[in-house]
């Protein structure tokens, strides 16, 4: 069994307006030392998935089913208390907005020390030294001094580094980064991505990076999972997704992206419409109302939920279109448009 | 060049349907935020009960003379035949009967029911008018401070600070006490009511003012205000057309929540004997009289409950309104 | 081509926000948000303005539309100096100059219907249309790809992309000549972003518009701009036509910026070597002297700390403010990343001054 | 102040000397309840309000005059005995009652030998004189009475020892030696001993006088002295070691001390009295209405109470200065229209309110005659028909509008005003209620003729207790029109009848008691005939005897329990 | 930070000056507007027997004929350097801080206030402790068990609490626990025993007023805490704390409550400050001889110097509380420190 394995994970929220099926039957697995990128539009269930793995929905209103296996342990059925002891130590998380994700009233050091001392019975002084170490490791200059700063005294990039230091303080084996760079400037984003790559190699942990920026995914990921409406619609290695994508939604994402290596005048190829409401997920293939090829499925897309099927070498796609047709469309209609000048 | 996917012309028209899919009919007339708040409010049973009671109380206050002429006795009429001359208590303990629904007062035997009913008039009238005054002053100054900023804001904000530093109750009692019975061309209940409205309203405006200032400040940061300015809109247009509609909701909520405070304030002043002059019935005044007859509990009970229920109803309604207008607060 | 009369000309534009302290609002310093900008915008073109957060892009946009009063410099629109014109005097000019805002949620008044929002320019400017305002508004809604029947709907009933379309419709109402767009797509999802970008391009062609597009996303800017200006700490460090800027950037900062952008291309990721800038943008409250980039620049020499490099034209239409520009005679056909990997990259990340 | 001879309703057989009364209703009215000579203990007193002043020169409350005797000795005092006996004057600091000259214009007292202040200095006649003189300064002591100002033959323009320092006042008071003091009056006054019992004759050592501040450090001449005195909170009295029982036949001085708390919630006082936490409600005005119901319905509790009639009249002044009340028929209409039973109820009904009054003089004052010039219908609820008649005679057949003033802090007066408003409303006389602060009621509002007239205060709710149980003490301040000052402050708000003034002068010259008492009756009749006063009720109060208190008895002179000789079991 | 404190101090002093001016102005101006003259103002200080002349002299002596500004100046001067008050026979020196001199009780106001202060302090602080603990605890529990029976019950009680007039609850509690016989504990209301003389009696006498006052405030604080907690528990940093593996209890107290506490501390400071100037209704309901009762009595007796004195003292406490809260804020919230 893999280090991390999700089987048919479902996270549903009952609300006044109806049941929000934020994650609806998600399965994937991840090995130590590998990086999984999860991409998808806003509201596709990326954050809910990651919080689900950490067990942070427990005790809330969420209804969770399915299985999450982490290093041979099942977490969905495990007690909240047990999952808590794993958090921080076995698995850790980096959040998108480091300013709001850090407590404004405690120093950065105190927050790292706290994280460290939950799982390590050490004195404050030792923990503090460790915190200074960690800050240094993530590239914060003068860590002995900065350890006593408050989050608001840090710049955006430094905050995110501190956040990473906090997440890594207990050597977690699984690190989930939920949009770690979205709030940052490009130059800083590049620094952070480098840092994460280096650290992952150093710690040899499993890394899940969640983003809607395909560029970021391409930089870091070994495998990529594309989510739409709470489901995985395509999964494969980075090469699979960027070189041989098979799902129309993935094509749409690639087509929508303005690229630095493409010039003015090249028209973008957007996906029509807007992402679905998770309360009223469209029948059949959730993507069908926005899909240009929906008419080629003889109505199946409207009624039947397509299966997530392996096409080759671990490349999974959830689409009614026949494999050959998909490949043909990619090669002939889409790819030429994406190629630059 | 045109790619098969390049359908920007047509995609957009299809899009809205996806958005409104959840709503029942494809109504052309959109639902305003007010309507949405109303829908939300309709689901809040507790708030509706509060609203019901509030409306009921307003009707009671408005039709007090009519109600009293149907059931009960004039509020200031004595019924001393019901009073024991020894203990001064009603002969049968309370005097409650079909004639006197809430019984009669000790000593003079006035009908408690009609006094409570008439008390609603004073209470609600003062609370409403005072709230109106606070909201008017508070909104104008709050918006002016928030919109113009700079020294105008400084002056108004500091004024609010100063007002908030006053021991309002002491001040109100003292003021209500030093003003003689005929002043400013008014006399009797009219003078007392205006005086109380003025005092209560005037000392409460900074609360509304602060809220309005904050709201205005945050609205001013919203880009639609810049949008209007970049279209060449003038100050009044921005204040009245752009900001004010967004201020109505908080104004309404805080006004609704200020009313019960003002009812309590008025009751306190009447209780301390500086409210409307007797024999005009006020709830606070009745309680302060009833204190001397605490061994005759129904005398204190009915006006006490009247205050309680009224304030509670306004609070329930206000809370519900706030939740409905500001879903974040839920 | 003879240089056409610019539609908009910005000369030495400055905006300093005073920082006050104490009961008496003593001024103790100034945020030099914009500190001497010079550029022209020619009719029909799109100028992109890029830079990192806090470098003064938004301030520039708001200065041009005179939502802010400039501290210094000149803004000339269609030959009229509007830098210190009264709001009253500006009113008629506002028809010709419109702004698209970044946040589709805060830029539409939630209490107004779509009709009222898009009709506002007519009302504010007192413009009468042939078939009435409603017809005009519905025409514009159609133009930006919205259903005219949505006239009576409220903004909260629309998605982000649609809201942005409503915002765009509002700017188009009076058929302006110049549109300033401040991060028009940065709040939107990729798929929606593309719709809006395409829309902006379409209406530009259709209505013969001139754009100043502000963005921090270099890819978006590259996609829609004819010319691009790169800002750093309130100053323009490089301005050139899109192609030459992206293919042969001259300013080290531009270079670094370009190399930092992740490319969604797995094949290239291993080939690329990048320039990694250290640290963050310094505070505009206390900008470094002379060349503002010298604290993070790997090429910085003493002169950079003492003499401010002027913005000078080193190639046709390519101005740069640097003492040690790169690619000064670069060929046009090399790929930007290749260029970077070939000569600009130090083995170590730049020895930025700390 | 106040008191009176026992009223008809409560005359009982006096118990044999020394025999205690059984614990029953009215047990302490005419005899000593729980007599004892046991010493020791601390008596706890509480006051719902606060003293006007503890200074003998500045106090004008009956309870204060009752209490002041614990720390001050005046020349003469009322006899500490139950009921009617208490009206008798006996010498206190003086060896005997005053010796009048033949024309009753000069009164001489001799001070006892061996009396000392708390600091051990002997008390001389100069100290008594000084005490009286200082009380004349009404700017420093605004609360007090003006009997000495009005009657002593003072040098012209004399303003008391503070302002008229060094002025020779021998024309008014002479002190030929340290023990003798002689008072010279402007006019003959046969009842001067009543003046001599006033607290103003309590000696004050000039050296220790601090004017208005003296009340903080009073030098005791009685059996107790001040220990701790916090104005507004309370004070303690402890034994005065320099008080010699041999010089004082009247005081038992049983407890070791007194603890007095002021500004206590009135209902709380009643409850604590009933529970035994507290011994005396010092104000002596009776139980609160809430307690009333409780006490009267519970036989055991009722047995612990007394219900005397006191020499106090609750009434309403009818102000002839305000049209149309300048017309006697309009005034009479008011008299007839008034609902006397409601008036009585407003003050607490039969037991704690009092008995319906038909004229001014309470039954306990000598000279009282049973007259009822304006019968209030058959049931006491007023006679609207008669009232209408008089309204027509007055030219206001449909009634008229006027205002009624009352003291805002007094709920009973408010109730009375409301009762009148109700009753008069039935004949078309529309009253508007005008509450005024008690503190300024007479000084600024109702008692200030100009204000009252301008503000149409046609009716003024009022009340008066005799300063001492005698016609002069009861009537003079409320019927003599010469006490009315333009600057306000007098209790007489409405009675301006020259013939009444004449009768008063006549009475004070009259040395024959019977004739004098006859005159009081005439005055009463005359005021009633002119309808300037609407009598409400002659007050009664329901007093609660403290638990475990010895020597409890009702004093007619003070209209409450006598505090002088109480002790603890 | 130092400049910040100085700035706040300067403003606090300025505010007191303004408040005193307004108070003084209103109490001396409003009666005049309503028709009072120097003489009628003086009349209440000279007793019942004074003649026209005496009143005139008194008005002159009391300075009622001077322009308002002069009168205020005298008053303000008294606060700093003390004042000489001529009350007739002699004059009394009223040492600084002289908050006026009552010509009715012939006493300077300040010692009176100082005298009453312990009562008000006892009441306010005792009640504050109770309500803070009860209110915050209830609010936190309610927020954590949102929607539970406990939550609903607590919030119902809290809503009732803020909807009941305090004089009514006070009287009812007096009747039930003190006056009335059903639960007679004999009068713990209305008796103030100084703490130093007998702490047990002190507490015993204060129990009912404390509880009555605390009930009202606790209700408000419970509501406030609950909504504050609900808001902070939705903050990102709470999620971070959980992601670290912290125990829920620690998450709630150390992270959640800490974040929610700031506004509560602010309001708490202001409430206590206002109460220090006298809980008018509670004190008069329970006849506690504190500042509030003092104010009421002064108003009843139209003793303006006392009214002004107590108003100013209250304002002083509010301003002080404001100041303390602001400074505390800077301590509690590191983000403010830079300001």
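The first chain written gets the first letter, and so on, giving A, B, C, D and E; residue counts start at 1 in each chain.
The rule we apply is simple: a contact is a pair of C-beta atoms (placed from the backbone, for glycine too) under 8 Å apart; a residue touches a chain by one contact, two chains touch by 3 or more.
The chain list, named the UniProt way, goes like this: A = Peptide/nickel transport system ATP-binding protein; B, E = Peptide/nickel transport system permease protein.
What you are looking at is a predicted structure, and each value in this text was computed from that prediction instead of being measured.
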Contact steps required, at the very least, to link chain B with chain E come to 1
Per the touch definition, the chains contacting both chain B and chain D are E
Relative to chain A, the most remote chain by C-alpha centroid is chain D
Tell me which chain's centre, taken as the mean of its C-alpha atoms, is farthest from chain C.
D
Indicate the whole-number Å distance between the mean C-alpha point of chain B and the mean C-alpha point of chain C.
49
List the centre-to-centre spacing of chain A and chain C in whole Å, with centres computed as mean CA coordinates.
31
Distance from the mean Cα position of chain E to that of chain C, given in whole angstrom
56
Each of the following residues of chain A touches two or more other chains, namely 252, 255, 267, 269-272, 274
Multi-chain touching residues of chain B, meaning two or more other chains, are 6, 8, 11-12, 15, 18-19, 177, 291, 294-295
List, in ascending order, every residue of chain E touching at least 2 other chains.
11, 174, 179, 300, 302
Counting only contacts in the complex, chain D reaches chain E at residues 137-143, 146, 149, 162-163, 210-213, 230-233, 261, 263-265, 267-268, 271-272, 275, 277, 290, 408-409, 437-440, 442-444, 447, 485-490
Residues of chain C touching chain B in the complex
62, 65, 67, 87, 90-92, 94-95, 97-99, 101-103, 106-114, 117, 120-121, 124-125, 144-147, 149-150, 152-154, 156-159, 161-162, 165, 167, 170, 195, 198-199, 202
Note: in the complex, chain B contacts chain E through residues 158, 161-162, 164-167, 169-171, 173-175, 177-180, 183-184, 260, 264, 267-268, 271-272, 274, 284, 287-288, 291, 294-295, 297, 300, 304, 307-308, 311-312, 315-316, 319, 329
With touch defined as at the start, can you tell me which chain B residues reach chain C in the complex?
6, 8-9, 11-13, 15-16, 18-20, 28-33, 36, 221-224, 226-234, 237, 242, 245-246, 248
State the interface residues of chain E toward chain B in the complex, per the touch definition above.
11, 15, 18-19, 22-23, 26-27, 30-31, 33-35, 159-160, 162-168, 171-172, 174-175, 179-180, 227, 270, 274, 277-278, 280-281, 284, 292, 295-296, 299-300, 302, 307, 310-311, 314-315, 318-319, 322
